[in-house]
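You will see two complexes here that share chain A, one where it goes with chain B and one where it goes with chain C.
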Partner chain A sequence: MEKRNNKAWLYLLPALAFLVVFLVYPLIDVFVYSLEEGYNSASQSYYGIGLYNFSYVLHDPYFIQALKNTFILVFITVPLSTILALLISLALSSIKKLKEAFETIYFLPYVTNTLAVGLVFMILFKPTAYSNGLINMLLSLFGMGPIDFIDGPYWAKMLVLCIYTIWVVLPFKILVLTGALASVNREYYDAARVDGTGKIRTFFKITLPLISPILFYLVITGFIGAFKAYSDAVALFGTNLNVAEMNTLVGYIYDMLYGASGGYPSYASAAAVILFAIVLTITCINLLISRKHVHY
Partner chain B sequence: MQIRLEHLFKKFKSRDLKGGETIAVNDFDYTVKDGRLLGLLGPSGCGKSTTLNLISGLLTPTSGRIYFGDNDVTELAPEHRGVGLVFQNYALYPHLNVRENIMFPLGNLKGDAKLNKKEMAQRALKAAELVQIENLLDRKPNELSGGQQQRVAIARALVKMPAVLLLDEPLSNLDARLRLKTREEIRRIQKATGITTIFVTHDQDEAMSICDDIVVMNEGFIMQIGKPQEVYDAPTSLFVAKFLGNPPINVFKGRILNKEVYIGQDAIMPFEAFDQEVYVGIRPEGFIIDKEGPIHGEFVREEVMGKDKSVIFRHQDFEGENVRAIVPSEAAVEVVDDHINFALKKRKVFVFAKESGKIINPERS
Partner chain C sequence: MEYHELYAKEKRHQKIINFLKYAFLTFWALVVLFPFYWMILSSLKSYSAYNSEYIPQFITLEPTLENYAYALNEVPLADYFVNTLIFTLLTTIIMLIVTILAAYAFARLNFKGKNLLFTACLALMMIPNELVIITNFVTITDWNMRNTFLGLILPSVTSVFYIYLLKENFAAVPDELYYAAKVDGTSDLKYLFKVLLPICKPTVITVAILKIIECWNSYVWPRLITDDENYFLVSNGIQAIRESGFGRENIPAMMAAVVMISLPLIILFLLFRKKIMAGVSRGGLKG
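After this line comes the complex of A and B, so read on.
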């Protein structure tokens, strides 16, 4: 037994070495940076060790804004996109003939570049010299005034960002969920039908529990992914996200490092550590819930 | 409740472009009497499950009618037919424990029939007691043995007190001893509840031992219907004769000549029929060791099995490797020059037409 274990470790060694160099070491480095006060990147020196960086970041209105945006994004897009994906997958798996057509439509964003899809959204939402964007044209049909979705009120911009994020994550979720639905043994449905079970009860009592492990997987990875959101906001609102009030936590960290006002690796590290703590907490909570509700 | 099946057909379109079709059920026409246990018997792919699914409503017939009692249920959706169905692989919901599995059908009751939680639990317990699994109620299906799972599936099918119980090869996943035990149990439960039951199996022993009547199917057709013993004693075709009986019937090439049945050069018995090529089927228990007997072969070995023993011998006109005769274990095996002779019990010898495989009955003169 002992010997077998040693061998296993030996086989894992190359992978572990890579993990340590590229994952563990940077992680520790970030923690160290975040505690170094007054770091100067030119001289590579610092004044002292302490929590000042955290205090600065937490009092930075841009950080607070980014935190708020990220939380809104996470708690709106993850549940919504998952439910939406589930509904679409259900429709897909019940309408066989439409399956292929649907799949192409929903996978378009999957095969197209994020930024290219951003362009499409621009056409939908951005005002030009000729029009106010497709959505506004539709709104005007119902007699509603033009809304500036790109430079206008906060809620309008947030709405666009949320729709965009959902649109981007949807294909993957649909792919996974249609697979999950297809893998449910037909006999369970036959058994339920013979016993006189209605469609809705079948869904909640049989389908949902049987795909719950995959649903939870999607929610957990969805949360992690949404916390790391950045490129979507850039695609829609450009790189100056702080001014647009549309920054995210990762955007904030990036700006602190490389942005126009950047060059503060200590603040960036402190923000990164905070993000890490949040993601860790949420993931732990998710796992605890899933432990209770996923049965096998 | 009586189940009447009228000229049922079920055709499946092939997936290939030629537009061919499989006729899974071909003119099934039979009435299962109230309270009977019917065995649906046949080799793999002969249409047993399809027939069952037609009755449960999971499939709709291509043509033909199905009546439960006096009601035509042909167009009725399965959820409204109220049959209990035990699947080949049980189909127990893996996320629910045994109690919840058994209670599941009760949750579908509507209107006046609606039950509260307590009543449901009571009914479930009753059903569980019937199949003797009341001590397993809190387990999940994957914590049960195959036999226990099968009993849970039966309890789930019985709990709503269906008028019709359908069992699709419920014993196929069990070991030999458990099969024996559970088939007796199914018989006991069926007797106790008086539910009209159809039991699908491809194991003839199973069907013979517990069914009131059996239907033998082949390639969608009904080959023969009757009480198990009747079908065994008077098969109407070579197929049925071969299919029933364990060890299987011995089939020889033979012919009828001058009102005698011949196997090779040996006239084995007088037979009133015109001259023709035939197959002669002899049940293993139809042989009697007799030095003067008409049929003989090259002795291979004997196998003792308790009160009986098998005498294995070789015969050049036999369809297959070795002939198996079953004789009482105290019978003396008389081998002369490596050869052994047998007399035959007439009732155990059947003659079938070579082309059609149909039984030839001697013309009474």
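After this line comes the complex of A and C, so read on.
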């Protein structure tokens, strides 16, 4: 027994070493960093312990901007993408012909490089030498525009970011929801049909309750994912997000850590802890709501 | 007669609904595919043709490959590719070895505190990357591993989720096989590689593919840890092209680079479509 005990630890050793060095230690360390005031990365010294870093970050206009952007992005894209994914999945699971082809196409954005395809979205919205770009051309058909989506007004940039974010997150949601819909027992639908229940009523009384756990799972992971938005914004507006007024919380952390305005791991840590606290709070609220409403 | 009328009406109704469904699905398929079409199309237009368009053209009558040659010559795109390939393969291989060993210990071996340790590992799954990346950045900098492959790879290896996924799969293999192997005097390591892994090959492949996708698209960590062009991955390369361009803003060449960067994963996806989709629906993390 003793020998087998040792052997097990031998198998675990590499994984545990990686986990401790790159996950557990940093987790503790980030809280320590966030409390060390006036940390100097060159001399690795600091003045004292306190909440100054948090106060600095919370008073930084760039942080406030990033906070605002992230919240707008989260509260627009999560509900919209979930509803859109639900509609698509419902249509998808009620057809037979071409179903696989549609599923494959819808999943494609998942396997593409966010930065690379973000550039494509940028040029769709961006003016070229002699034209206002493709999207503006389409808008002009409806008598609108032209709007400078990439360097123009705040709402236009936010709109592009939201559209791209939804485009990026939909594949995962569609995939999971289609799976959930397929796992609903056919007998419930047959029973409803025998009772002469209408389609809409069947959806709200049978389908929705049965897939509600998955739906809430998607909402929760959607919130978590959306709060971490960053590379989509970089793809559309470049790395200098503060100037573009399009920075996100995660972007703020990285800018504080490294880059033109970087070199402040303490501020970055404080911002990371704040982000974590926000995500944790939202997730808890989501879980509380789901406990009330999920019918399982 | 009434029945026939009702039936015909219902049929018509059904047809309209079906049409609307397909129209909606086709519309969304176009929304998904159009950026890809536009990316390929723009990469085939010549620089002068692209920039002299007063109205964006949906087709090109003079497709050219000059942008691809230009993109490959002007920036070290091929080097970025090789770097990404090295990074992706090494990270995936190390991750597989580490993960398989740990999953085997959790699934098959007995030791004190196993359940406690496994629960602790599961709890680690909830730790967001943003929280630990700051210290990892400092650690790697302290170890003088900035602009090295080791610095890129080491923090990217850990994946608690894959340990969990493999452990579940290993545990589902009947105990009898293990005892039979033990009676035959097979060692644990040999049993793992000769019996367990071949049985669990589908899951191992899924995990490997998911990790490859993750590595190929990773941007944040490589950006933090490399500022030497020689160690850029494709994501950083494409970002560098976006920021400083090819000396001038050359959208067609940029799109050629984007096509070349996207292609490997799209091919991988088309080859392993079913596996990837099943794997992601079990444990996708993006979205």
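Here, the second predicted complex is superposed on the first by the 273 of 296 C-alpha atoms of A that agree within 3 Å, B and C clash if a C-alpha of one lies under 4 Å from a C-alpha of the other, contacts with A are read in each partner's own complex, and residues count from 1 in each chain.
In this text, contacts are C-beta pairs under 8 Å (C-beta built on N, C-alpha and C of every residue); 3 or more make two chains touch, one makes a residue touch a chain.
Here the structure is a predicted model, which is why all the values come from computation and not from measurement.
S.K.: When both complexes are superposed, which of chain B and chain C contacts more residues belonging to chain A?
M.R.: C
S.K.: Of the two partner chains, chain B (first) and chain C (second), which one does A:Leu27 touch, if any: first, second, both, or neither?
M.R.: After superposing on A, A:Leu27 lies in contact with chain C but is clear of chain B.
S.K.: Now for A:Glu187: first (chain B), second (chain C), both, or neither, which partner does it touch?
M.R.: Touch partner of A:Glu187: chain B, not chain C.
S.K.: Considering only touches as defined above, state whether A:Ser231 meets chain B (first), chain C (second), both or neither.
M.R.: Only chain C is touched by A:Ser231; chain B is not.
S.K.: Is A:Thr197 in contact with chain B, with chain C, with both, or with neither (first, second, both, neither)?
M.R.: In the superposed model, A:Thr197 contacts chain B only, not chain C.
S.K.: Kindly classify A:Leu141 by the partners it touches after superposition: chain B alone (first), chain C alone (second), both, or neither?
M.R.: Neither partner.
S.K.: Should A:Leu210 be classified as contacting the first partner (chain B), the second (chain C), both, or neither?
M.R.: The first partner, chain B, only.
S.K.: By the touch definition at the top of the document, which applies to A:Tyr11: first (chain B), second (chain C), both, or neither?
M.R.: second
S.K.: What is the shared patch of chain A, the residues that chain B and chain C both contact?
M.R.: none
S.K.: Show which residues of chain A lie in contact with chain B when the two form their complex.
M.R.: 185, 187-188, 190-198, 201, 205-206, 209-210, 212, 295-296
S.K.: Provide the residue numbers of chain B that touch chain A in the complex, in ascending order.
M.R.: 56-58, 77-85, 87, 89, 91, 93-95, 104-105, 107-109, 140, 142, 156, 160
S.K.: For chain C, which residues count as touching chain A in their complex?
M.R.: It is residues 18, 21-22, 24-25, 28-29, 31-33, 35-36, 38-39, 42, 50-56, 97-99, 101-102, 104-106, 109-112, 114, 117, 121, 124, 127-139, 154-155, 157-158, 160, 163, 188, 213, 216-217, 219-220, 223-224, 234-235, 238-239, 242-243, 251, 254-255, 257-258, 261-262, 265-266, 268-269, 273, 276-277, 280-281, 284, 286-287 of chain C that touch chain A.
S.K.: Could you list, by residue number, the parts of chain A that touch chain C in their complex?
M.R.: 1, 4-5, 7-9, 11-12, 14-16, 18-19, 21-27, 29-30, 33, 41, 87-88, 91-92, 94-95, 98, 102-117, 119-121, 123-124, 128-131, 133-134, 137, 167-169, 171-173, 175-176, 179, 218, 221-222, 224-225, 228, 230-231, 234-235, 238-239, 250, 253-254, 257-258, 265, 268-269, 272-273, 275-276, 279
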